[in-house]
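Same chain, two partners: chain A is paired with chain B first, then with chain C.
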Partner chain A sequence: MNREQTSRLLQQHGAVMVLGLLVIVGSLAFDSFATPANAASVVVSSSFLAIIAIGMTFVIISGGIDLSVGSLFVLGGVLAAYGSRHGLLAALLLPLAVCGIVGLLQGLVIARTGMAPFIVTLAGLLGVRGLMLAISDEGATTYLVEDRTFAALGQNELLGLSYPVYVTIALALAAMVLLQRTGFGQNVYAIGGNEQAAALMGVPVARTKVYVYVMSGLLAGLAGALNAARLSSGVTILGIGLELDAIAAVVIGGTLLTGGAGGISGSVAGVLLLGVIQSIINQVGSLTSAFQQVVSGAFLALVVVAQRLLSKAQRLT
Partner chain B sequence: MRRTELEAVLEAKGISKRFPGVLALDDVSLALRPGEVHALVGENGAGKSTLIKVFTGVYRPDGGELRYQGGPAAFATPMEAQRAGIQTIYQEVNLVPMMSVARNLLLGREPRGRFGVIDAAAMYGEAERVLAGYGVDTDVRRPLRTLGVGAQQMVALARAVSVDARVVIMDEPTSSLEPREVETLFGVIRKLRERGIAVMYVSHRLDELYQVCDRVTVLRDGRLAHTGPLAELERLKLISLMLGRDLNEVRSDGLTSFSRDHAGEPHRNGQAPVVEARGLTRRHVLDGVDVSVRPGEVVGLGGLLGAGRTETAKAIVGALPLDGGQVLVAGAPLRAGSTAAAIRAGVSLLPEDRKAEGIIPTLSVRENIALAALPALGRAGVVSEAKIDRVVEIFMRRLRIKAASPHQLVSELSGGNQQKVLLARWLAVRPKVLLLDEPTRGIDVGAKAEVQALIDELAEEGLGVLLISSDLEELVEGADRILVLREGAVVGELSGDEVTEERIMATIAEQADG
Partner chain C sequence: MTPHLRTAALALAVLLTAAACAKAEEPQAAPAATGTAGQQVVQSPSGSAGPTCTLQQFGGTKFDLKTAVVGFSQSEKEANPFRIAETKSIKDEAAKLGITNLKVTNAQSQFSKQITDVQQLIAQGVQLLVIAPLNSDGWEPVLQQAAAKKIPIITVDRKINAKACSDYLTFIGSDFYEQGKRAADRMIEALGGKGKVAILLGAPGNNVTTERTNGFKDRVKEKAPGITISFEQTGEFAREKGQQVTEQLIQSNPDINGIYAENDEMALGAVTALKGAGKEPGTIKIVSVDGTRSAVQGIADGWLYAVIESNPRFGPLAFETAQKFLDGAAIPDKVIISDRDYTGENAKDSLGEAY
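Let's turn to the complex of A and B:
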């Protein structure tokens, strides 16, 4: 294997390798790390961020960014709890419809006006949070999940793992096929790699961008709804900074922030990595959970530097 | 419909295109026939790129008619032109560098398997098969950017041709190719010709034109200068058509404002060069260029567009990364790649593209003039306002810069006055050598004369000048000595009585191999 292939492999699967390494180190160092209970807790708590990160992966590969997902996650949760008073269908459809429409609007503005995704979705972040506060009396009202079936969706377990984990796995697999094996996925890569060339190659640039933001909005809303089902209520104080966790996970997973390269498996590994880092810090009794952020931040910085070096190594050959 | 001769597949009839202040195309007609390789040549500002953009749907013409496959055509977007079968291969490869070779080649036409999902194995197989026909033998799974530029261009060409092209336009396709890759490209072009595809070939490399092209169209200043079979056209004649100098008229003299007698002034020949560049080399751009300028000497750089004139000037001031070569100022080597070092040593460049590389439009005349001289106009990093005022005043008066006040925005001045502001900027740092790249392009006649007179005056005072100009007359009357460049190498040096337009053109026309 030559240097170029090695660096490409590291870029694409580095996160999975580091994840494996960290799991081994954690298992050897702490008796209570490699227990089924701990593993289940890491996986279950990671699943909501993973759903958001899947949407974020599409957005970032297309050369964009979506800062609104944290707010949409909370709004989705509140709307799901509110909707659950009218049954399972309302609990699921209400958050999906509203978050999908927010994504659609953002996508249309970004694709049609050429405004920077950063600004458009920052406006989305602020606007959606305001909307959430407005329907929850400034966050004072917490709607409780009234529908039993909906609550079961977030709480029931199969083989020791709650349902959202399986939803996440199914979504990740579908997203992989969508990204790697369909024209839409190829268009996402092409736009992020070189938008002008993509347009000249016949890629429907505007339409693809709109789809990407709709997808990101839908997934954030779904993650919020599932989280509400798990907690039996639409908690209004969650989700602040969640968009940044999602971006961090995607970048750690090997997707380039400049677009054009990356993948779903890396992003899922990135989410799990953040979860495992947190779990290990928890095992070390003397460290507070604030250290989790310090370590995650340092790790992110390391990954970005490594990516820069790797892409240089690829160019030199 | 007439079928007496091969009917044109793509035809421009009396096309005009106007931009604010310029008539970029003026009544240009050009017919591209199936199965011919048609050369399109012309110097800077001739209208080549505008014409290509009209053909490919980037611009809509203001006048005239565009006809395609026997009917009138109006392409609203490049996509429409492409769908109709007009493909363009740009100088910069227009593909997605991070995607794999196969995915680039087949994007939008990937072979599908079950459930409409892309069949990766079939895709790689097809890509390998297609590319083999273009001499590209590589792992098609690799990202495109890991290929050489030549191979990337072949992928672009293969993609363009495989989507049912009737017309392929190539804009400077060989500018970054190795000789072996050029041969492959020519092979592909000949195959296209056999298949009845019309190829428009834009290049400045005359050798290549004579190797592959059947006919040629010469544009000059937005107008059609000539169109006809290439083999019948003598090289020297082609160059004179491009440069707009009638061979018989070359002898008529005296429209520029250069007054000095340039017949080799002996007192200078003994002097040591103030700047000396040795063996400037950069892959595909410069090939061992030697240039030296003595104090008070005006050295001209001649050659066609793309011959390496601008690049030579940039290389001397360290603004172009080099693979080899050295620049000496007054005998001492200059640190490579540092324009700051060059300016400190007394070498300054007045760039060709005033807007992009020269003036800072949001600053005033005063600030633009003082910019480069700031380090010299203060103490310990604190700038003296009084000193700036003095310098600005001196140069505004001497160069007769017409501005309401030193505080007027430079972007509000005319092109000629902007150019004078730039000259003032570099004169303010008291250079020993000034490199002037097209100093009078795009400025009005009066300002042009003033700039030319100023160059004279400065040389008289002992400044060394390197003059680049596409205006042959300006070059001949302004320069004491002329180096002629072709394809990045010096192919001739003219001095004394040899400094004539005719000799310059003849030197450019000489065939590379003898």
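Let's turn to the complex of A and C:
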């Protein structure tokens, strides 16, 4: 294998490798790290962010950004808990419908008016959280999940892992196929690489963009709903800053913030990386909150700098 | 938008968020804390009326606290005096008792993280959990796992909406409704029973805000019909927000006589706003809840009228309760601590006991 291939491989799978390295270090350093219970807690808690990161990967590859996902996540959860009093179907459809519509509106504004996704989805972030506060009495009312079937969706386990993990795996596989093996996926890459060129080649730019934001909205709503099922309640204080975690995971996973390159597997690895860093900090169990933030910040900086150097090396060879 | 601009804008947003989170805490010349200064005292008679819980009823097995793995899950960053004192108290007491295996996590105000934190503490094999919950609902996954392993949970400062003695062991904390009532008593005293009062509300969506508000309003309605509450807005328990809201308040209600702040941070923000508007100390009476050192100093300086304490030093009481429980004693379903009042009369002398 020559140097160019090596560095390309490293950049694309850098997150997976750092993840593997961290897991090895963690297992050697702490007895209770590589236990099934701890591994399950990392995987289960990561699954919700992973679902959001899948949608975010499409958005970022298309050259956009979606800041509304954290708010859609909490709104989805509150709506699911609210809907659960009318049964399983309402608990799932209500959040999906509302979050899908928010995604559709954002996508239409971005695609039709050419406004910056950053601003449009920032408006979404604020507006959607306001909507959530409006239906939950300023956050003071927490709706409890009434439907046992719906709660089981978030809580029941198969082989030691709760159902949301399997939903995440299925969604990730579907997203990989969609991104790599379909015309739609190729269009997303083309728009992110060079929008004008893509338009000239006959790529349906506006339509593709709308789809991407609808998908991101739907996935954020679904993640919120599954999380509400897990917690058995529509907790109103969730999701603050979650959009930044999702963006960080996607970027750590090797997707370029400028669009046009990246993939799903990297994003999932990025999410797990964030989870493992947290878990290691918890294993130490004596760091102050300020120092915890310094440590996780330093880890992220390291990963991003390493990737930057690798992509430079790739260009030079 | 060009890629560079977008990256720059994102970086700017991240910076702004970070700046908004940073809290300026003036350095305090802390008097050396003596051994038991400001320690929590249980209200007597303590919970004798309520149901109790023994080790046998709970279904757990006795273990030695000293050699046990103990987990403490803190909800918010140690960036305000209450959280700093709370975490320190737990750590200090554990060290004092010779508990060497204390694991501390911090959810940094993210509820999902707190759930994961506690699950990972359970995965690390903790035998006792002390939790300062960020939110009262949504604890199902944690409670299931803890119940399966019969791990006793003591929640401090806020409650968990679940069943005592089966889902968790007990709750140790203040009576927030009572704090609101006592704040009202001080406000009535300060204003001589009549005037216009503004409320700086805490963060929406938790029982602390609701109970401190209801206690205050109920007491005012009952005791001083001459006092009208003419302004209410949330300051989210934060100093900057308290200052900002107070600045708007003195513009829109220049005839205001008193401000009830639901925590000290907001009260200190209000003081900054009043100073900025050129007011003299004491022209607007401020009553708040917490008992931080800066606020008690504020009473001594004449800016605050009174502070109702909300004692965050949960360490001694939490471990004492756990030890009693392990020894087979019956534990009440809630342990309510008795909080003191700081006023102009005792502020200077009590400064060493404030946190």
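Just so we're on the same page, the second predicted complex is superposed on the first by the 310 of 317 C-alpha atoms of A that agree within 3 Å, B and C clash if a C-alpha of one lies under 4 Å from a C-alpha of the other, contacts with A are read in each partner's own complex, and residues count from 1 in each chain.
Simple rule for what comes next: a residue touches a chain if its C-beta (ideal position, glycine included) is under 8 Å from a C-beta of that chain, and two chains touch if they have at least 3 such contacts.
Nothing here was measured: the structure is a model prediction, and the numbers come from that model.
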Combined model on chain A where chain B meets chain C, clash or fit: fit
Of chain C and chain B, partner touching more chain A residues: C
Chain C, chain A and chain B - angle at the middle CA centre, rounded to the nearest 10 degrees: 120
Chain B versus chain C as contact partner of A:27, first or second or both or neither: neither
First, second, both or neither for A:194, with chain B first and chain C second: first
Partner chain in contact with A:232 - chain B first, chain C second, else both or neither: second
Touched partner set for A:186, first chain B, second chain C, both or neither: first
Per-pair minimum CA distance [chain C against chain B, superposed on A] in Å: 15
Common interface residues of chain A - those touching chain B in one complex and chain C in the other: none
Of all residues in chain A, those that touch chain B in their complex: 4, 8, 177, 180-183, 186-187, 189-190, 193-194, 196-203, 256, 260-261, 314-315, 317
Residues of chain B touching chain A in the complex: 78-79, 82-83, 94-99, 103, 107-108, 110, 116-118, 120, 142-143, 145-146, 159
Contact footprint of chain A on chain C as seen in their complex: 1, 3, 6-7, 9-10, 13-14, 17, 71, 74, 77-79, 87, 102-106, 108-113, 115-117, 119-125, 134-141, 144, 204-205, 210
Residues of chain A defined as touching chain C within the complex: 32, 35, 37-38, 40-42, 44-45, 48, 65, 116, 118, 122, 133, 136, 138-140, 142, 144, 151, 155, 227, 230-233, 235-238, 240-241, 244, 247, 257-259, 275, 278-279, 282-283, 285-290, 292-293
